[in-house]
Amino acid sequence: MTPWIDVICILAVFLSLTLLATHRIVGMIKIFAVQSFFLGLVPLFLHGGIIAGRDLAVSLVTMVLKAGLVPAVLFWELRHISMRSEVRPILGLGASILCGAVLIAVAFWISLAMKLPGKLESSLVLPCSLATILLGFMTMVTRTRAVTQVLGYMVIENGIFLFALSLFDTMPVPIEMGILLDIFVAVFVMAIVLNHINEEFERTRSTGRRPRWGES
Amino acid sequence: MEKIFRGPWTVPFGECSLRLDPLNLVFLAAIVVLVLSSAIYGTGYLRPYRGKKPLGIHAFFYLVFMAAEKPAVRQAGFIYLIASHCATFFLFLMFFLMAHAAGSMDFDVMARTDFPQAVAALAFLLALAGFGVKAGFLPTHIWLPYAHPAAPAHISALLSGIAIKMGIYGICRVLWIVKTLPGWCGYTLLALGIVSGLMGVLYALGQHELKRLLAYHSIENIGIIAVGLGVGLLGRSHQVPFLAVLGFGGALLHVVNHALFKGLLFLGAGSVIHRTHSGEMDHLGGLAKTMPWTAGFFLAGALSICGLPLFNGFVSEFLIYFGLFTGLRELPPEGVVACSLGILSLALMGALALACFSKVYGIVFLGKPRTDIKTDGTPEGTPFSMLLPMAILAALCLWIGLVPQSVTGLIFGGGTYLAHTDAFAVRLGTVLGPLATVVRMALLFLALILGLVLLRRLFLGTKPLPVRETWSCGFVAVSSRIQYTSASFARMIVELMKNILLFRRRGGQVTGVFPGKAHMKSSVHDASEEMIFRPGLALSNEISKKLGHSRIRYTQLYLMYILLFLVFLLIWKLK
Amino acid sequence: MSLLFNKAVTFLLHWLVIGALSPALFGVIARVKAFFAGKKGPSLLQPYFDLAKLFRKKCVYSSTTTWIFRASPVVSLAVMLILSLMVPFGRFRAPVQFPGDILLVAYLLALGRFFMILAALDTGSSFEGMGASREAFFSCLSELALFMNFITLSLLSESLSLSRMIGADIPMSWKGLDPVLLLVVGSFFIVLLAENCRIPVDDPDTHLELTMIHEVMILDHSGVDLGYLLYASAMKLFLFFAILVSIIIPVRTGHPAVDTGIFLGGVLAMAVLVGIVESIMARLRLNRVRLLLLIAFALAFFSLIVTLWRN
Amino acid sequence: MTLILLIAVPLIAALIVLLPAKNIFRVRLLCAVSLFHASVVASFWWRRPGPELQGYFVLDPLGLLLLSILDLLFLATSFFMIGYFEREHRNNRTFTACILCLLSMTTMVSVSYHLGLMWVAIETTTLFSAPLISFHRNWKSLEATWKYLLVCSVGIALALMGTFFLAIAAHETRTLLLPAILNNAPLLSTSWLKLSVIFLFVGYGCKMGLAPMHSWKPEAYGQATGMVSVLMAGGLTQCSFLALMRVSQICHKTGLGDFYGSILIVAGVLSLVVPAVFLLDEKSLKRSFAFSSVEHVGLLVLGLGMGGVGVFGALFHMINNALAKVVMFLTAGSLAQKYGSSRAPEVRGVIHLYPVTGIFLLVALLAGTGMFPFATFHSELLIINASVISEHYVLAGIIIVCLAVIFMGISRLVLDLVYGKPVEPAPAPRENLFMNITIAAAAALLVGLGLWMPAPLSGLLHEAAALIGA
């Protein structure tokens, strides 16, 4: 089943790059949801087509959380913010893709030296997850809106998730669940903080004092 | 001679032990005398201030700067704070360096170690940097003229007499521990001493405030001490033990002497300020009439600090000169050049110090009062508790000047200890003999003075002599304001050196046939303060302000730093 | 006991020589100057009469002065008397000589100067303050030149004692008319003129000029005090002449009378020389004096460089 | 069961705190819990508990050291809070609950012997500390919270990645339990381990506030109340330092000591240079103390990186750093409460209005910049000594210069605040006894450590240093 995983890996990187180059927030959330959905499929291909109950559970939890709940929270958040589109990214389209390409190259170059201990399904997992992480990072760096930064963070998490799947058998379940829970709570807390910021933002704007908040 | 006390105490570095050896004996002697006299003085001096803030405690922590009103004083204090902070760490770096090379943190073990040249040189430089700040070497001396005047007189005496000597003590200790110093160290120390001494006395000459002037003289005397140490070090590194003992001994004696006469001078200045509430020399004058005792003691201090015969300053300078002249004969050519420079600068320091103290004494104590000095009208006005310490110190100055044999044991003990040589191998007789003759000549001199006074009495008879006004060449409308002031007295020397001294003069131009009122202001500024430290501080402000403005607080930027660092590490470490 | 007695005798002998002969130098100089001016001039003994007159007079003191003012003539004279013990007078070797006596010489001179300056300031007169200031300034420069000469001499004679420096080894150094010694002599001569307030630097005959140095400082002294001061300055001149003569005329025949004669002749010649200089030169402007002293310093410096280079 | 109890009790208390109650009750409960916690931990100095939960929870000397430090911090904070909430009338439900959760989670960090579990605990501390920063609920504190959350989350994500890499490297052992990894050190794959070390370092370094990952610090500490800053600067950063020390343990066993050491030294030097540059023109007391915290964590990693005496120095510095932070941030907190600000133009001449606080400020300056007789001085010297011993002479020079510049920056500000011309503030609240006693006690402890090193402490430090291979 390795080819499927390879395809998903490449798809993940590609989607991250697209996300990096997209300017509309709604579009970015959608791309993220698609990426998460594909990643949710990975556990199903892990053991050569044999789908265990545990695989299915992980796959479902991932899809529900990442492809469903998180985008929903973000959309909900977006509804509270009047502006729907990114005002202006720090880097333009061309430069973003160029930087992204460089980061992908770095990720692959680093992976050259790394020899996986033979039990990983695909040799593309490490470079692709690294690239996804770096691209997510890049998204955070180049975007000026808080929501887009959360999105970037989620892309990083997706990269990590992709890699974590390769360790699926090594890690005991409680830890794994703790990790997933943590990530969810992180996003949740971020959402709450964002909400507070928003309220504060509206309040201060109604009093006429516009706060200096990055660019947003 | 050597005693060690060990305490049952663990500090984070090991245990705590105290020791007594010939070196700290010398410093202890100075400390005990000066602390005692200052304590007595303080009881009288602080009486009018009772109930106010205890400034003295502040002074001990040098925080006196910070409480000051003037921004310049605070800035100097700030510079000192920074410098001494650096100094502390330099010293510890030096200590660790030596400990690392010696394999132990015990001074005794270190002293037995033969350090590699590089370590020795580095330790020496660190010691100079570290202790130099405390001692007030140029160019890190700038805190000193602010700090010492700010404190009450007896504290100033302690600061000047003892606190800065701790820096000298530290250097001595390092010289003792590190036996294998390279040859250039002696030259460095000598050069540092020459520069500090000359600049110190030149700056002093340009001052108008009594205690500030005295503070600059501390820098000069530290310079003389450093010249002595440099000579000693030259002697040690060229294997001329006699020279080494002379240099170190002279320097140590000057440490003691300086504590005595500078203490005396500060106490005297304190009495003047106590009485007149002013330390501005150009406001004072004629105090010898109203405060005869203080004037007398101050004169003793002035004679001592100028290194004139009969007083202690001459003895220590004699030893250092003797060392330098000996160096002319026994050192290699570069040493001869260094010694010649040393002699010349000592001579110049002596002449300038003489000019400076004739100015101080003449302006403050002689002539007529330049302004209405508010005094309470009592004959002396200085309480006995303030006079007694001055008397003690003056007596000690005279004692060492007339009976130097009483301290040579102590001094040369310290000198041989520092020189790491055997006392018997040294031709001490060749210097003790002349010293004895000097003393005999001094006594003869006193006898001659007595004789001439008697002769004069014989000529003049006992009838009271006529007293008139000073003859002012026919000019009748004489006011006391017309007298020479401290600024005008020093003007010729200061103008000759104006490129070094940053001499500034404003106004003073008289124009027209019937000139109106004119105003003139002249002042001397510290070059290292004005040209190095203040601009440096301003520059650092400027830079950090620029950085502060360009400091963008965007999260994106924060994240980018992390990304860059991560990528940097990945590329650096995994290549 | 007899040693002490011997010592006392030599001391007294030295004092006798300097005490008896020094005032005559002023007489000689005055006569030379009179000769150049085409006048007859005072008697050679005139300074002795002046001194005698002054010693018979009472003093007048300013109400501003303190004991310092009274002490300074005494100190000055005492300093000169002590100094005279450390300078060889030709055949008469210095009764006191020890390594490092040059330091005592220099610092005793400084002591005398210190009291002179203080006495001047003590009067509260701005004229005297002016003189004091100049004295302090010029002595800085002349002391520098003096010490530089000492270093050179010390290097040449490998000694620390004045008697050795200008005594025994000098003849050796003169072989082939040593340029170093020439420089030293030149420099020392300028120092001599400055220290003794002779003409290009200072004019001892005027009292009322704003440009004078030493003489203005003793404006307020009178009677016995003035006598002491005059006597002291005569001795100072004699001592400087003695030192210079010892350097210039290194002839040692070993015959007491001849040696003494040569020495006294030398001192006399020096006095004549000073008289000639005073006759043919005008007093320099004040800021040129600085230059003159710096020339002395430069000469001494040059001689030191040459000496160091030879070593 | 004691370790689990230590983790559970504060959690239960946090639940109780969530019930409606008076502010003061919550603070008292917090005091009680931290007292209980501290006394249990104190008993560990005599008898250390055995492994619990199949070896997931073990208290080794490093953990005990951290746990003791944490207890000092929580004790100080909770006592300070008694004074603080006498005047602060905002509801402290979330606040105390979060602090209690923090206590629980930091305890878990110090006792967890499983690297994954440790990661979970550290991540949780981030989440619980975020609401603490935004206690004041104004625009700026929310902004600071946001930045803190974002940067630390990124860091924690990287640390997670590092943990995964470590798991790959340790695939032979099939577990991330520390003893298992250490015992099978030769089996670890070096190249994966290197990758893992880099990611772990950057990740936990973010949490620790090492330059260049420090940027959240001035924001967060500048906005948080003094007590929260204490917990974060003294507690949370040092929890991450424990993680770095665990990595160091592994690296030491696998011969990657130099590899890791060089990274630590680079970051340490950066963490000294950055505050040195930025402190010169800092006008806010809290922000400048935050930069000082960057400097101190820099010193910690420098000591760890240089090894030998440096490790001992770093461990000692952990205690001193925590105590200094107590003095610094609590003073800043009490000042901020009095003046409503901690910036230079608004606050001046403190010594004239509040002599005690003024003196505390000076003490904080001296303690924070490592002046004798405060123990920070000794630990800084130990670290410099370590650089001399390991013959990094240039490094020693850099450290000294940076320390001097930092001292210059902080002292300029503090002296301005203390001695400047006093401003007339709004009706002056009097000094608070609880607050002052807390600060004074911490300062006294710091001086005490500077003058006397108790034998048990020295023993523990040596034992702990031995674990890292010093």
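Labels A, B, C and D are assigned to the chains in the order they are written; within every chain, residues are numbered from 1.
Following the convention adopted for this analysis, a residue touches a chain if its C-beta (ideal position, glycine included) is under 8 Å from a C-beta of that chain, and two chains touch if they have at least 3 such contacts.
Every value quoted in this text rests on a predicted model; they were computed, and no experiment measured them.
Colleague: Hey, which pair has more contacts between C-betas, B-D or A-B?
Modeller: Most C-beta pairs in contact, of the two: B-D.
Colleague: Taking each chain's centre as the mean of its C-alpha atoms, give the chain farthest from chain B.
Modeller: Measuring from the centre of chain B, the most distant chain centre belongs to A.
Colleague: At what distance in angstrom does the C-alpha mean of chain D lie from that of chain B?
Modeller: Averaging C-alpha atoms per chain gives centres 46 Å apart.
Colleague: Report the inter-centroid distance (CA atoms only) between chain A and chain B in whole Å.
Modeller: Going by mean C-alpha positions, chain A sits 70 Å from chain B.
Colleague: With chain centres defined as C-alpha means, what is the inter-centre distance between chain A and chain C in Å?
Modeller: Distance between chain centres: 99 Å.
Colleague: Using the average of all C-alpha atoms in each chain as its centre, how far is it in Å between chain B and chain C?
Modeller: 33
Colleague: Multi-chain contacts in chain B: which residues touch at least two other chains?
Modeller: 555, 559, 562, 566, 570, 574
Colleague: Which positions in chain A touch two or more other chains at once?
Modeller: 110, 113, 137, 140, 149
Colleague: Which residue numbers or ranges of chain D touch two or more of the other chains?
Modeller: 146, 150, 154, 158, 191, 195
Colleague: Name the touching chain pairs, please: which are they?
Modeller: In this structure, the chains touch in these pairs: A-B, A-D, B-C, B-D.
Colleague: Which part of chain D faces chain A closely enough to touch in the complex?
Modeller: Residues 114, 116-117, 119-120, 123-124, 126-127, 130, 134, 137-139, 142-143, 145-146, 149-150, 153-154, 156-158, 160-161, 164, 167-168, 171, 174-175, 189, 191-192, 195 of chain D touch chain A in their complex.
Colleague: Spell out the residues on chain B that touch chain C in their complex, using ranges where they run on.
Modeller: Against chain C, the touching part of chain B is residues 285-286, 288-289, 292, 295, 299, 303, 306-310, 314, 317-318, 321-322, 325-326, 328-329, 333, 336-337, 340, 343-344, 347-348, 350-352, 354-355, 357-359, 361-363, 366-368, 430-431, 433-434, 437-438, 441, 444-445, 448-449, 452-453, 456, 459-460, 463, 465-473, 480, 482-484, 488-493, 496.
Colleague: Which chain A residues qualify as touching chain D in the complex?
Modeller: 110, 113-117, 119, 133, 137, 140, 146, 149, 153, 156-157, 159-160, 163-164, 166-167, 170-171, 175, 178-179, 182, 185-186, 189-190, 193-194, 196-197, 200-201, 204, 211, 213
Colleague: Would you mind writing out the residues of chain B in touch with chain A in their complex?
Modeller: 554-556, 559-560, 562-563, 566-567, 570-571, 574
Colleague: Under the definition above, what is the set of chain D residues touching chain B in their complex?
Modeller: Listed in rising order, the residues of chain D that touch chain B are 146-147, 150-151, 154-155, 158, 191, 194-195, 198-199, 201-202, 206, 212-213, 215-216, 219, 259, 263, 277-282, 316, 369, 371-372, 375, 378-379, 381-382, 384-385, 388-389, 393, 396-397, 400-401, 403-404, 407-409, 411-412, 415, 418-419, 449-453, 455, 458.
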